[in-house]
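First, the structure itself, so that you have it in front of you.
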Amino acid sequence: MSLLDALFGSAAVAKAFSDEARLQRMLDFEAALARAEARVGVVPEGATRAIEAECQVSKLDFAGIAHAAADAGNLAIPLVAQLTELVKRSDPEAARYVHWGATSQDVIDTGLMLQVRDALVPMMDRIDRLCELLAGLADRHRATPMVARTWLQHAVPTLFGFKVAGWLDAMHRHRMRFETIRAHGLTLQFGGAAGTLASLGDRGLAVAQALAGELQLGVPDLPWHAHRDRVAEIGTTLALCMGTLGKMARDIALQSQTELGELAEPAKAGGGGSSTMPHKRNSVNTALILANAERVPGLTATMLTAMQQEHERGMGNWHAEWETLPEIFCLVGGALERTMTVMDGLEVHADRMLENLQLTRGLIFAEAASMALASRIGKSEAHKIVEAASRKAVLEKIDLSDVLAEDPQVTAHLSPEDVERIFDSRSYRGEAERFIDRVLATHRTIFKVTATHPV
Amino acid sequence: MSLLDALFGSAAVAKAFSDEARLQRMLDFEAALARAEARVGVVPEGATRAIEAECQVSKLDFAGIAHAAADAGNLAIPLVAQLTELVKRSDPEAARYVHWGATSQDVIDTGLMLQVRDALVPMMDRIDRLCELLAGLADRHRATPMVARTWLQHAVPTLFGFKVAGWLDAMHRHRMRFETIRAHGLTLQFGGAAGTLASLGDRGLAVAQALAGELQLGVPDLPWHAHRDRVAEIGTTLALCMGTLGKMARDIALQSQTELGELAEPAKAGGGGSSTMPHKRNSVNTALILANAERVPGLTATMLTAMQQEHERGMGNWHAEWETLPEIFCLVGGALERTMTVMDGLEVHADRMLENLQLTRGLIFAEAASMALASRIGKSEAHKIVEAASRKAVLEKIDLSDVLAEDPQVTAHLSPEDVERIFDSRSYRGEAERFIDRVLATHRTIFKVTATHPV
Amino acid sequence: MSLLDALFGSAAVAKAFSDEARLQRMLDFEAALARAEARVGVVPEGATRAIEAECQVSKLDFAGIAHAAADAGNLAIPLVAQLTELVKRSDPEAARYVHWGATSQDVIDTGLMLQVRDALVPMMDRIDRLCELLAGLADRHRATPMVARTWLQHAVPTLFGFKVAGWLDAMHRHRMRFETIRAHGLTLQFGGAAGTLASLGDRGLAVAQALAGELQLGVPDLPWHAHRDRVAEIGTTLALCMGTLGKMARDIALQSQTELGELAEPAKAGGGGSSTMPHKRNSVNTALILANAERVPGLTATMLTAMQQEHERGMGNWHAEWETLPEIFCLVGGALERTMTVMDGLEVHADRMLENLQLTRGLIFAEAASMALASRIGKSEAHKIVEAASRKAVLEKIDLSDVLAEDPQVTAHLSPEDVERIFDSRSYRGEAERFIDRVLATHRTIFKVTATHPV
Amino acid sequence: MSLLDALFGSAAVAKAFSDEARLQRMLDFEAALARAEARVGVVPEGATRAIEAECQVSKLDFAGIAHAAADAGNLAIPLVAQLTELVKRSDPEAARYVHWGATSQDVIDTGLMLQVRDALVPMMDRIDRLCELLAGLADRHRATPMVARTWLQHAVPTLFGFKVAGWLDAMHRHRMRFETIRAHGLTLQFGGAAGTLASLGDRGLAVAQALAGELQLGVPDLPWHAHRDRVAEIGTTLALCMGTLGKMARDIALQSQTELGELAEPAKAGGGGSSTMPHKRNSVNTALILANAERVPGLTATMLTAMQQEHERGMGNWHAEWETLPEIFCLVGGALERTMTVMDGLEVHADRMLENLQLTRGLIFAEAASMALASRIGKSEAHKIVEAASRKAVLEKIDLSDVLAEDPQVTAHLSPEDVERIFDSRSYRGEAERFIDRVLATHRTIFKVTATHPV
């Protein structure tokens, strides 16, 4: 991995897409093919063992593959050639049966499916752990008051736990999407030269089924070489998750601004310093998540554009997927890991949240006041009165509650106690806590855990 | 609709996203909100009727909305203002309760969900009919031999029905994806100013549930104003379908080339002519499908990029969805309709398919010969012999079967009858028919139809 | 225009891409072609007048064009058919010469070039006026101190005029890019059926040159039907400008946050209100600019993807440009207009800027202190001392200057006066003013104006 | 480089963006900074030599940089730290002045500019050589008749040299765009913490100018940390070139189809074989160019989206460029090299081109016939007659010339000799040769060569 790949990506996910892993998963296909064909009786039992024995990536000559690939246009052709040579040395008879009946795309696509399955292990592990972190955070902050912001402006009061529950709610959906991919999206590719498996006579389907069994992959209704919706959907599923990680990172970046000071990435010695400004503590993890969020949509568009593959095998568009999907995986994986780092130890400055609530001298309760008034005189009228009062409070730099308490249009309908109640910082939370509870209940259902907090 | 919108889009789908439909669906939200709130006891029963009566798009002043929207930044604010005025005229008391407790985004997002549901009706209708057309085509051409092509080159023989079955197989998956959206992806948006429904006190959730019941939408665990994965997923689902439509169109475009002549769009008087070349018959439908396939991935990237919405309401990124998702819908809808036109009456020139099979003097059976030989002498050896024979056949412009019949390396293992059988145009189809059957069986399961063709 | 097109786009720019304008510009091509061919002697002089007389968009039957276009696949074929009919009525002989020697793409592409030229008029007008507004703003705020922020955190002091000069500097470059397009990027398309102009025998080039003269377009070395770099470059040029407009809008959105309060869109009665929160004043223009900034990159990717056009005329990819480039134009045009609105009357709260500078109790001068110390003891050492002092100032909530004034490592090298000077809010501006002057000098050179402010 | 990076990319271009090159170019900045600051008198002359001596990438500890970068969020901070340590060992006094007054982004962005300049050397070399190859090809085939195709259908006759001249014409424009970048697009980044160069007092601009002189980069009007149009424009310039390379590859892929057989990639032993089909010769280079053409637009959209950088330094969006621009470079570079390979030795089967011209029994001359007739009876009438004749020729499988020769509507106006002349394969070339000449003349002007072929 280059220095920048390491910076943005996930080492655990990248491992599934390394040269070694890619070639090994292709060799796994070849070994499983030999076993499956022996089982069905297409190749002699003896050949299988000789082939399997050589299906180890450590036996390959990488430089030779690199060199041959430049002319062959893919890694499968030189890999099969080397494997055949290796087998030939120990068992020339068995060498005849290497890659029997398969085409390059069979081994590349099925290899990809195995790599995706490998990569999903760390991905889902991280999603699960992130959900756990978020559930804890939502629960701990179920009563932490905070400013809700729309259009980057103060709107009404909310709870920090409510915001976190929103993050968690989205992650629950992503978890389900990934689960669907893992359960239903991983499918054998095996069709021979052009999908008909003609080279296997009337035993093609039997081999396909045995092979899928060996590799624990689904058997498709028919081979899908030039139909890439399954592969592109893996990309879009990852991209949707990236969108949510980007949204969380944006929220944290904004709430970490010097003037807001509500959140901060966990402090780490040496992390986030500036090369020139001694006082800086940059939100490094957040920034790198945002970087990945900028990059994934364009890569996903490539996956979608590449779907228009010609005839029985795409020319160029298939090849366009090879680096693009792994790149999406690594970027989303890297963002997941950095989001975990951020959430696990996120500094939540409840005091600053409260200060910010009080920053606008009661304007944050303008809607509360308007609604209280509206129930007496109607929404439009109330809106206008509170709008005017808000303007006055801003211009004269006084508290909105004071303006309202002196406005006869208001006092005719609301008592001083009513007004006081409206501007109480514990008030006007609506259903926020019940919404948090709903999300946490779903969380417990998904993860089959029992409540640690009485809800 | 502009002339170009009409050219590329689907009128039926566009209707769901017209100004009229958009505003009416927003009014439907307002009417349902009044009913739901009356049911829960938040607003007086009487107000509901007065509000409902005015929730008709024909009563709105569009020019006024356009003018006010430029400053308001969305259509909801002027719409609510006009609606309130309309209600006020007939029932000033009821006017107090218009839009009670809701925010602009509630009406816009929920309105969008209703529009999506409307648009899914023609979309799914067209998908179903397209599947039907493809199933018929696959069945009719289950024995039509054709060249399979990889990298735009002749590969091995296949059946046209097998290719069509591949198209159908992908459409089955898209149908299921749309079905999932329709069943689970359409969700109420209702959270008030910032998601907490504070303006409704402790009755927010009850109103939300009643409102969802009125509109027949799902109730989310919590409001999702700034979490756009549901909306973006509608976009990616459409984009995946577009990819397959583009792939089919590309296949047809290529097989319609003058030199191939295997397929042609159904002829229509006046269609596809050139302004200058009298002999031309352009594949107009196919070209326009391909155009849409080029456009949708970029639009989908926008949907994904727009997911990073700030805090409790996005600033700009939410707005970026407003025209983008409808545009994706219209382009995919237009492509679906044109694909139906193409498939319903597709000219299949089986004679040209057969001619093309024979075009290379037997080279198309090179793999068949190689496999036959391989079972005797191993794959690599066989591959080399047939590769050399193929080169000779090309250079000397003679039939591959003749070259092989004279090659002692071949005749030592294959009899003249063996060779003849290899080069029989009905041979070497492998599992193609069984794959067709598998897809058609799935088709019958999905559509609950019984076989019309004995399989 | 739909309500949403009107919201996001520019009416002036959209006008150049309306149905009427598109068809009129195609008719202008046909009229100019007749004139050019008469001049070269290819068609009789008399035919020209009859053709020209009918080249008025008001004479066309739009519904008929819409209907015929659906089958023809473009607007040129029905337009030419209607024009021919119109001419035939007045001069059957002249009707023979309508569209003589041209192909559909000639009229569509050249029409596009004329539309682009039309659209560039309001675009460049707005760019010029925006530059003027920015130059004024930079000049007025050349001494307004403000916090510079990196990674959304306070960094060091800067001047608001310096930030504006940075915006202006980028707009200067965009202006030059547009100027280059206008001067060199608008080129005649005229090649007949496949670029050879064969239908005009040996007079094709002469007609091309006369036609280019009529339309005031460049004559390319050869027709460029399937080479779209000129058209795609118009798209990328617009997209680059959109990126800068998005950057400015992002800055303003962030500085308008409640907690920062440094900037605000000009107030307008009724603008930016919330449907539910009486105190809100949303930055509507800024949000809509940001929306357009999200949308343009995906559309630009479409323009780039569409470049791979087949043979002598693209199939689908050419068509993909037709709505995409106008959409980019309208979105960038709309963003330009809204940016002008924002800049013309931008509320600059210099008091809040100053307050924010002082918000961190001197931390903003940490680098200044570090550099002062560094000149005595080296950069690393100084960085460490000030870093520790900064941490202490934050933890103990005291001024950094006080921490430093008591630190013997500091007082050994800096006098109390030195320290005081470092923390003076007018200090540590470096070259900011000279950079402003450089940009304003360039501005005056470009716009050939003399300085209004002594620099 | 990974196996796949090597497959798709250019080794020569990738070298400019390797870890080593990236770090070395950053060190070059640091060395030049020390020299420049000594020149201006900001740092002592002696420090320069000590710093310069350590600015060698071989002295860096890469693993250490990788480890520290994960927390620092960029490579500059650990690089500067290591460099400072290295200098300290030999000259503790000099170590104080490492990176003096600069910020991380200064070294990263300026380093990028140097890398771009390095990468432009092989890029422009390849563009020049490709132009040369294309000029030769256009010239050699200035009289090779071929079918022009629109919408993938036969249109009219053309010359292969004319098509190649179209490719060359586009490459001329790309060459000029790259030239512009090289001459005007490479600019120093040097602004210190937030662009004001405050840490250098009143000598910042002087240092900037000296530093730009050292590095031979342009001096911008003001630092451009958060204004990325220059960087994004490098991306769009590359993307435009990629579009043309993709278009050429698409043409060649299509003309290489088995049924067309007009072109073929140069044969190479072992190249383009299939793992299962002995007769296949895949167009490997063409496919890989097409793959890159699919990938670059999405990456370019990322560059454009990333332009909205916050305040004085972007958070995440700046980082999104770091891998994206190099990836674009490598993909375009790889495509350029493979295009050269294809063009240098492209098999042009003039015989097949001629056969294809004759394939449609004269339909290719339908426009020629129509135009000949049109000059007598008008275009519409002629079009209709030839359209009907074409249909008849197709249906009855006879030559169009025979149909026309028997049609009294035709024979009334055209003599048998006229008809014969129309259907002569050497006829109806229009201005094709003159267009070739125009492009070759431009070529000679650009490359200052004299004609090798009499034109």
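For clarity, chains are labelled A, B, C and D in written order, and residue numbers in each chain start from 1.
Rule of thumb we're sticking to: contacts are C-beta pairs under 8 Å (C-beta built on N, C-alpha and C of every residue); 3 or more make two chains touch, one makes a residue touch a chain.
Worth saying up front: this structure is predicted, and the values here are computed from it rather than measured.
For the touching copies subunit B and subunit C, the fraction of interface residue numbers used by both exceeds half; the interface is of the same-residue type. When the C-beta contacts at B-D and at A-B are tallied, the pair with the greater total is A-B. Put simply, the C-alpha centre of subunit A and that of subunit B have 24 angstrom between them. Centroids built from CA atoms put subunit D at 33 Å from subunit B. Across the assembly, subunit A contributes residues 99, 101, 149-152, 155-156, 192-193, 199, 249, 253-254, 273-274, 276-277, 282-283, 287, 290, 293-294, 297-298, 300-302, 305, 315, 367 that each touch 2 or more other chains. Contacts from subunit D toward subunit C in the complex involve residues 84, 92-93, 95-101, 148-152, 155-159, 162-163, 165-167, 169-170, 172-174, 192-202, 204-205, 220-224, 226-230, 232-233, 236, 239-240, 242-244, 246-247, 249-251, 254, 290, 293-294, 296-298, 300-302, 304-305, 307-313, 315, 367-368, 371, 374, 377-381, 428-432, 434-436, 438-439, 442.
Those residues of subunit C that touch subunit A in the complex are listed here as 147, 149-156, 253-254, 256-260, 273-274, 276-283, 287, 297-298, 301, 305, 356, 359-360, 363-364, 366-367, 369-370, 383-384, 386-387, 389-390, 400.
Subunit B contributes residues 2-8, 18-19, 22, 62, 65-66, 68-77, 80, 99, 101-104, 192-193, 199, 249, 253, 268, 270-277, 282-284, 286-295, 297-302, 305-306, 315-320, 322-324 to its touches with subunit C in the complex.
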